[in-house]
């Protein structure tokens, strides 16, 4: 009679992703940067690459703040087929050009296994988005590259499922994976998603991989990005992914959750203080 | 100040999927079968194709019950990389052989755009699974074929998002799309998913496409499949997708939600009575 | 290291509520009516008692349809203190008067332990609402009466918690309890709640108590009440709770989910056919 | 046709709770303490009052840490009627005795309107628990006292509903209300609840009332309490409610989320650093 439920632990479980007793946490090296070490990494940029002018403006704004990873989407997974779908290949070329001009690392999303080589040729970090967290052919494809991967948690995925998806990548031989908490879907309508702050220390206990926080998608509201970014660092996050746009109100997507370069500058100061308080640096 | 939320309606909205005032609902023709008409369609078979012996056993069992669509997965999206991933191409060949031997239609899942031609060559209906409901390159790829598509709702996708995903397919020129409700993820642990019975009449009001119900995934418990299948027909479903296995306790996946051929035979009688009560037939 | 979770089964569990192996399901006798037996019970009426004229209109409408239980709220739990809070005691007196005039049974909500004697003096069935499912002093108070209790599931309560709440009532000596599924809170915004159709057969397996369905709150949309009511009966529900209002568009609360007496008459015919199809009657 | 939803804003809305443009946030005075001002308040103690020995041990442990508010439940709302229900009145007397002996303020839960005078006579702050957030008679009863109220968010309640519940209290004339975020129910099983970090800055923008965080219920895991407590302060919380027990493994309830006095001492140092980093003190 009683009450049944599927077992929560899949067997044998994500064994490459799990952290063994007393095992130290992994530090990823990316072109000289170290993610998961003392310094908290910041990745900033617009939701979508719109044109070269916009991307240069952002690169010029973040570089002096000590931010060395530029984000921006060339391929955009959009709920509606009528929404802006990203520039595609020209967007990648803009990213690559700005990367060279400003000496930045670039993280950008790849949506399909067949696009992996092209994206890998233009970017330093491959992002697998929330909607593709269980796109297993894509996970295998990025796992077969030598590029670091930023894996975003599905908005509907448990932490167990999240770690299993990372396991697909590690199993292909690519162990440079970052786990990114970006908010989950709940009943609460005031915010776009509910940022799962518990996930940060939980993942750090259970897995050895670095954990990144995305307070922009995690809140969906510009005015909450700062407080939640500070919270994420206080909880132990190894990095942040922040949407910034030179003109947020004119952004082609996600403008309501993008902050301006001026707001980012102020935020970086605040974040630095919190990082210091928890024994990290920025 | 107040409380913000993203607009629920995407603009211009899934206009090909929406039903216009007074528009009749669509009837899909598939090799002489008509889905969305008076008769409720039943699709039955195991979660995964395991071998020819198993598939012949199922085909031989469902054919005399008047069921003419056989389901079975050759490509299985699995949370863990260590779970059985399906037979792949040999699984498709088994499906195609049984299709010919028993004169059945076959529905099977395709997980990647590059597999679409191969799967389309072996099956009558292409299934896009829950985890791929927002795999937009895949939606475009099945939209470019002339095969009917069974699109399963994401386990944490709103009905608005579901219809937008269908819009991607229709926009490529393929209008033979069935919307499949298969349970959503909620806080309730007693059942694997919460079957969203409201979705059936809601989708039928808002969209002209046929609506299929999957009580097997919608409950995750063999003992609840029957009552929920009856409920789905009473609520107006145009078809059912039911997991049946000759030996449920030995199934390689989802055995706990599979019923036996004997149970299916009994269920078909019960379903027929309910269908008649709501002015349909089986 | 692994992943922890609170045990799902509380010990020793709701032992009075659980159904033992081979135990028959309970039939509640209420003034000659039998709930949980062959006949499906229908309880109908407005969300709130507004005045004598309205309640007489409803009573006159439902009586000829063979409906013998009238619902209506005198005490209304409302999210906002500025919303109509119900007539209170005068509302109870209207209910009692109409009960006598039309020879109907009355079910109405009680919100506070101190109101239990007053409500019990005017009604035949005490309703404990969703927001009070875990108001334990109230559960004990209704458990100490000799009145049948309609216990509504909390909108975000698990079935295990629901049964434990019923256990509080039975433990006080009152075993005439009906479990009412009325929809749960999920991420889906198209409907007010997600009616959990799985809960009906699940509760009937695990518990011996009758299970009632409330498709009005379960959908929140007038146009979905009929299909979901039919679904609930097909799934095995022992009764229905339906909001009906003589003038739904002028209702003081929940008008958007109330049907008219004419719609109810049509629905009763539809429900009768479904009940017959599953071996019940109406 | 389209997609309907109940309006998110209730009219006229919780006008006493909303913060007007340019309005400063409220500082509550409680016996000389000021909540909502520069200093972050910490309230600590066991889930349940067990005996005088236990409560003296806790009082003796927290007092030297600069913590001046002791928590402890005499009335415990428990899912199962077979779980420990609290000591009741003798528990209140223990609290009152320890309050005097150690010169601490006491916060404790009240579950029923009729218990309000008794609890108010023994405590400095009345707690309304999550399960009672929409127990409107109880809200009115605590609103009619002159005691400050700690209102916990329902585990299933939106922030809009939360503020409306506070409005019930303010409307009775009691404006000393603290809003306590304590985690919400989601699909994620790894943690007991999902702490909604977004709620802290959101409530502070929309309302003028102080916001308290409960990382113990918000995580349900002892090992996550510290990181989430730090996160809450970084996000701007005006206070913390922390479960501490002299012997967590022997606690009569919630032991798995209680920390020890030694852990609390270490945590207080960590929290002080974070408070300073965000311009507060502890």
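By written order: A, B, C and D. Residues from 1 in each chain.
FYI, a contact is a pair of C-beta atoms (placed from the backbone, for glycine too) under 8 Å apart; a residue touches a chain by one contact, two chains touch by 3 or more.
Treat the numbers as computed from the prediction; the structure is a model and nothing was measured.
Asker: Among all chains, whose Cα centre is located farthest from the one for chain A?
Answerer: Relative to chain A, the chain with the farthest C-alpha centre is C.
Asker: State the pair with the higher C-beta contact count; candidates are A-D and B-D.
Answerer: Comparing A-D with B-D, the pair joined by more C-beta contacts is A-D.
Asker: Nearest whole angstrom, what separates the Cα centre of chain A from the Cα centre of chain D?
Answerer: Roughly 33 Å separates the two chain centres.
Asker: Could you grab the centroid distance between chain B and chain D? Build each centroid from C-alpha atoms only and quote it in angstrom.
Answerer: 46
Asker: Taking each residue of chain C in turn, which ones touch at least two of the other chains?
Answerer: Residue numbers touching two or more other chains: 3, 5, 8, 156, 159-160, 185-187, 189-190, 205, 221.
Asker: Considering only the defined contacts, which chain C positions touch chain A in the complex?
Answerer: Of all residues in chain C, those touching chain A are 1-3, 5, 8-9, 18-19, 21, 156, 159-160, 185-187, 189, 205-206.
Asker: Name, in rising order, each residue of chain C that touches chain D in their complex.
Answerer: 3-6, 10-14, 77-83, 111-114, 131-132, 134-137, 154-157, 160-161, 164-165, 167-168, 171, 185, 189-190, 192, 220-221, 256
Asker: Provide the residue numbers of chain C that touch chain B in the complex, in ascending order.
Answerer: Residue positions touching the partner: 8, 156, 158-160, 184, 186-191, 194-202, 205, 218-219, 221, 223-224, 226-228, 230-236, 270, 273-274, 276-278.
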